[in-house]
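I'd like to ask you about the structure that follows.
Order as written gives the chain letters A, B, C, D, E, F, G, H, I, J, K and L; numbering starts at 1 within each chain.
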């Protein structure tokens, strides 16, 4: 089983950005956490980060031998119809994850263009959300 | 560690209601699943279900020696300021969970009076969401 | 054929409340009217009134050997997702009825959480609306 | 007692249009149903259908020796201030009826320019709604 | 100088309709008032009334040797883009008039599809508004 | 018969301001026009102009032996609840007038806090609107 | 003179909940304060608290030999049409009170379903608001 | 293959109306253009124009041996639920066309009651849009 | 202890204005009532009334040896950001009072620019509201 | 004559994505169709596809010896002010095309940032829309 | 070159008001800063402050031998159509300035009635914004 | 002191695009102007332009030894949460600048995702705005 993990804009700045919201975890820490968690779950992961909406779409379109997608689209969550459309072009289960609780921040973060086409959404649990997303995808893929 | 699990209105009808949305899991199955999952995580659970907004508030107010709350407020999620206020009266971490993906259903389910005061939200993963919520609460409580 | 008739909050105060809107009919008069009308139509009725959202949900969930529901949810019509969900959990035809014409009162009474999941709606005809609802349900149940 | 029954645009196409919504009843069937029902209720009916907003207004203005109006204004329900005004010019009780449940269709069908000036509204019961409307008008006219 | 006076739906019912709003003036009284007023101002008038949106458009399109239009579009004021478009097709000054004060009635009467393309609007002065409109048109046409 | 004519902010700048909208008429011209028109109608006028919301309120409150008010509240039309309230404190007929057609300008000019409490509104006819307003007030006062 | 004092959901948790908003006053303190204040004003009070919307409605319906109601409906203030309706069923003066200033909190607290049917509203003065409400009710009842 | 071409209100005034928007093409020119274009495409056309909403509905209902409809509903595009309903009553492909670009005009022209039930929409290309519509309908009908 | 009492536009017209809303109390009566009430509470009052937004701001800015402000800003309540800002410039407790219940009048009176920066709001109790406001301010100032 | 054809995000996935909406046409099929159609119309085409908003802007800015643009901006249609601005920077006619009917899909697809600055819009006709767009551009460019 | 500098309500309270937003600069400091800055730029300044909307309008109308206006309308920025109109009556370049960043404060401060008729807007730079505005006006006036 | 100057999409087309809005200044002119201005202020500048949202984010993230950012995000101003988030990840003062006055253009340009997190905003002064922004940043950085 192989999962594509997509991290959108500014997630590479983790540990730098707004520590009172995201804590001191760095992006390298997050990558290591995802890899180790996936390993312990028996899941292969392809972890991808980009600040570019177009590159994220390219990556989604290029999936090969992938069983599901775990996506934290960052700021594009709230503005990108194009990423939504890319996720619709491939017939794979999608899980949306956010490190912080997007519902307790600015109003414009309450709307996601991904949520209604995802299997489910996990928000507010920091890196732990990625573990939860991988567990969920494992179950979902396993059921098919 | 002890977690109060609150299931709101109509969750007792699981397995009866809209199987194309919630699957064939019955409420008894769900309770058993939560108990077993909690057991394997070393968590004590107090599982409570009610169709009454007032009883849910009473239950929240009556917490005793509880470390956190996992709540699926069902239809009250979208309409109850009073349950929100009850959760605010106690200083415990709250995790919001929904069996189905509330973002892919009617528009009025997109708003929750609980989300912005919860630590985080898990939606769309069926009973698996409860496991994810218990794991998350264990981490959160453990950090304190 | 057996029909559950649900009367929501404050309907027990009929004859007391705003007589210029509802007339002098008392709740006992209404119950008698429904029973006699049902009798003459060859329908068994179970008439239930409660001021509690939770109790109305409990009653709906507890239906047994019932062929349809005639509901006047009173003030909960406009605010209760949970009653809507309860009606969705059971696979029975629902008819919504209101004594007064909810469209000629305050703006917030123009929206009902029940209308779009009911077979139909009858509003503005006083107790006569219950007779109309029973006749409609008889036809609907008969067609099945 | 004489009732004017007004059927608005496209009702003459019944049986042709969207059978999954309106069933196989034709307009001739509907007319016959109304006439027979009225007959059995001891009511004289003048049944009028037009696709023209202006003709419907002309008809309403021309009422003579009429005791009440049963109106299904079809698409004009949601857009015609002029028909509303016509109904206001005559001092007769008006009952609004719809074959399908307008609350479970497109959002723009949720608003009616007639509902708040009618005695009451009946929606979702097919031709049976006309019977219910005639019975209601008989009671209302009788009370005067 | 010749002015086309257009009276929209239900104005022919004046004296019948809502006397507390429009007074006891009948449509014949209004026509006579307009004719006499126009006469005293040295204006020829072509007074037209119809309940049909299409006929009003036909009339506007058919103007011949007309110097301006005084229009009370009744209920179509608030709903007709087509009458607006008809007024735009001819290069004549338009004055909008209403018998009652549309700003002190239902909210939906606050918007007119004609006001912003008219030279001006007169509302609330009963038949006197027609006199004011004729005087205004005389000035406007005179200035050209 | 005596009428108070109130001209709000910036009307004293007539002839200076936006000539493409208001023409070359100066405020002195307007005053002379109103006085002469009033004279020919046998009406006494008290013409008042102020840029101050408070002074306009003071003036309205101070009316003495006045039979009606003709008001062009300028920019305060769209923002002043206090002037509305002042007009409500005195039991005199009010006519609202605007030189330009407020409906064909910025959107925020479409709403007036005076319109619904006035007898009527005249907009778009330049100084001629004042004549129309005086004629209207003469009729209205005469009827009392 | 006897006043029914209704305290809605979560008010029993006073002193526990959000002390930065409500201070350290406990519910028992509040009850004592109301009783003593009422005593000194020569008013009999029946103080009722419930977390249940239905029980609050039951209590309102059951008033007997009561001269007025002082209500702090807590979270139900913003969501309950049913409590509004219950207050309408009885012909007694109602005063709405809130401990905190609901206008300086979340936006959804700005709307109350009770305010427009109450005699008046007192918000933001802590327990002192109850004293003010009792004084006001004494005057209002005394005037009848 | 036979196509019904419907031209709504004011299209008969082409060449007269707002030449800066629609150019100097007259309605006769448009009819000739459609006939010649249809001829060259091997399509029979029935070209219909009316200013009356009701007549347009009558025409749609009366289709006989027609394979598709090309409709420019003019001002009714934005206001007519009844024409929408008429198009729904017949099972034929519909193409919506507009001479001008409705998206670069007044805001209220941005919404069409026809677009979402049409196969497609063509706007902004003058008479050329009709050719495009006929070509499109030829393809669509040919595929069936 | 000294309190500045500010009465906004039109309050000087009390007893004249809309007696069905405000009763027969005159402004002089109100001033006397406030003075006597303050006297009995041991509070010095500076009572100020103005119809001018600017003068009210000047007065607020000029406070000297004042312990709190009781303000009924009349119509400016709903429109004045500048008065709000003036109240923010001084570090004194503010209580907002209204004679009538602003929540049961026009919709635009439901919003106040003062409420969220005041300690609390009292509305609907006539002159009694001033007494309540003075009592409240005495407590608030006393606590400091 | 040379036309730049821009295909936005995910159009390269045609034939893969949602075949029930877009059919089985692949992107290579679409390119071939455009090239052949253009050839038969005597038009040179430069066909460009990108998933990147920035690259689309770069391409638009880089036009050289181009007579017009045919653009299907995909998901960027609804979100990109920057592409709109790029189209504004060059003085060339723009035609907007969509394969599916964007008006019968999600609500957020009803708004386009391109429509009001394009000559016209073609939506819902699959690849045929590109032919229609090329024909239209040929006419438009020819007229210049 | 002479510039009129207008400071609206409460700016005279600078140094007193909300120091965490505006800093410790007093109004005298601001005046001195503007004078010195203007002096060093070779600009004559007429600095005016008022809390009265009417006086600000009077001042704008009275401009004489002025080349431009730098305005900080304070709270009137968001509510005054009348000041907007006054600025429109004179044909001078206007620059809008704010000490604090109005976009990071309450939502109602996001809208200005001046911005769209000004040459430009400067917000958030404290007294430095006035220097920037003077420099900008010097350039703008110099270009004429 | 070193400032990063970011110019977003289409700014490289200056002098080409809409000269009636932006004037004849080319992008090279703008760069030279910024460099010279910065030089004269003793500021080092790193001037960056890109049409790509992702590249702008990359650039912001890569700041090194930079004291502040002057950003004209062009069309991304109104749509990019991701650029906002990038600016939040670095702890540097940000000044937002626009060449044209965004408040006097299309409505959607009135909202910026950057304004509320910037120190301040400068809009409408052409290249002069950049000078003003550099001066402001020099002051802001100097104060730290």
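Everything that follows uses one rule, which is that a contact is a pair of C-beta atoms (placed from the backbone, for glycine too) under 8 Å apart; a residue touches a chain by one contact, two chains touch by 3 or more.
What you see is a predicted model, and the numbers here were worked out from it, not measured in a lab.
Enquirer: Nearest 5 degrees is plenty: how much rotation brings the CA atoms of chain B onto those of chain F?
Expert: Rotation angle, to the nearest 5: 180 degrees.
Enquirer: Roughly how many whole angstrom separate the Cα centroids of chain D and chain K?
Expert: 62
Enquirer: Which whole number of Å gives the spacing of the CA centres of chain E and chain K?
Expert: Computed from C-alpha means, the inter-chain centre distance equals 47 Å.
Enquirer: With centres defined as the mean C-alpha position, give me the chain B-chain H separation in Å.
Expert: Roughly 54 Å separates the two chain centres.
Enquirer: Going through chain A residue by residue, note those that touch at least 2 other chains and give them in order.
Expert: Correct list: 52-55, 79.
Enquirer: Applying that definition of touch, give me each pair of chains that meets it.
Expert: A-B, A-J, A-L, B-C, B-G, C-D, C-G, D-E, D-H, E-F, E-H, F-I, F-K, G-I, H-J, I-K, J-L, K-L
Enquirer: Considering the complex alone, what residue numbers of chain K touch chain F?
Expert: 52-55, 57-58, 61, 79-86, 88-90, 113
Enquirer: Using the touch rule from the top, collect the residues of chain K that touch chain I in their complex.
Expert: It is residues 8-10, 12-13, 16-18, 50-55, 74-79, 108-109 of chain K that touch chain I.
Enquirer: Within their complex, state which residues of chain B touch chain A.
Expert: Counting only chain B, the residues touching chain A are 101, 103-104, 110, 112, 115-125, 128-129, 131-132, 135-136, 139-140.
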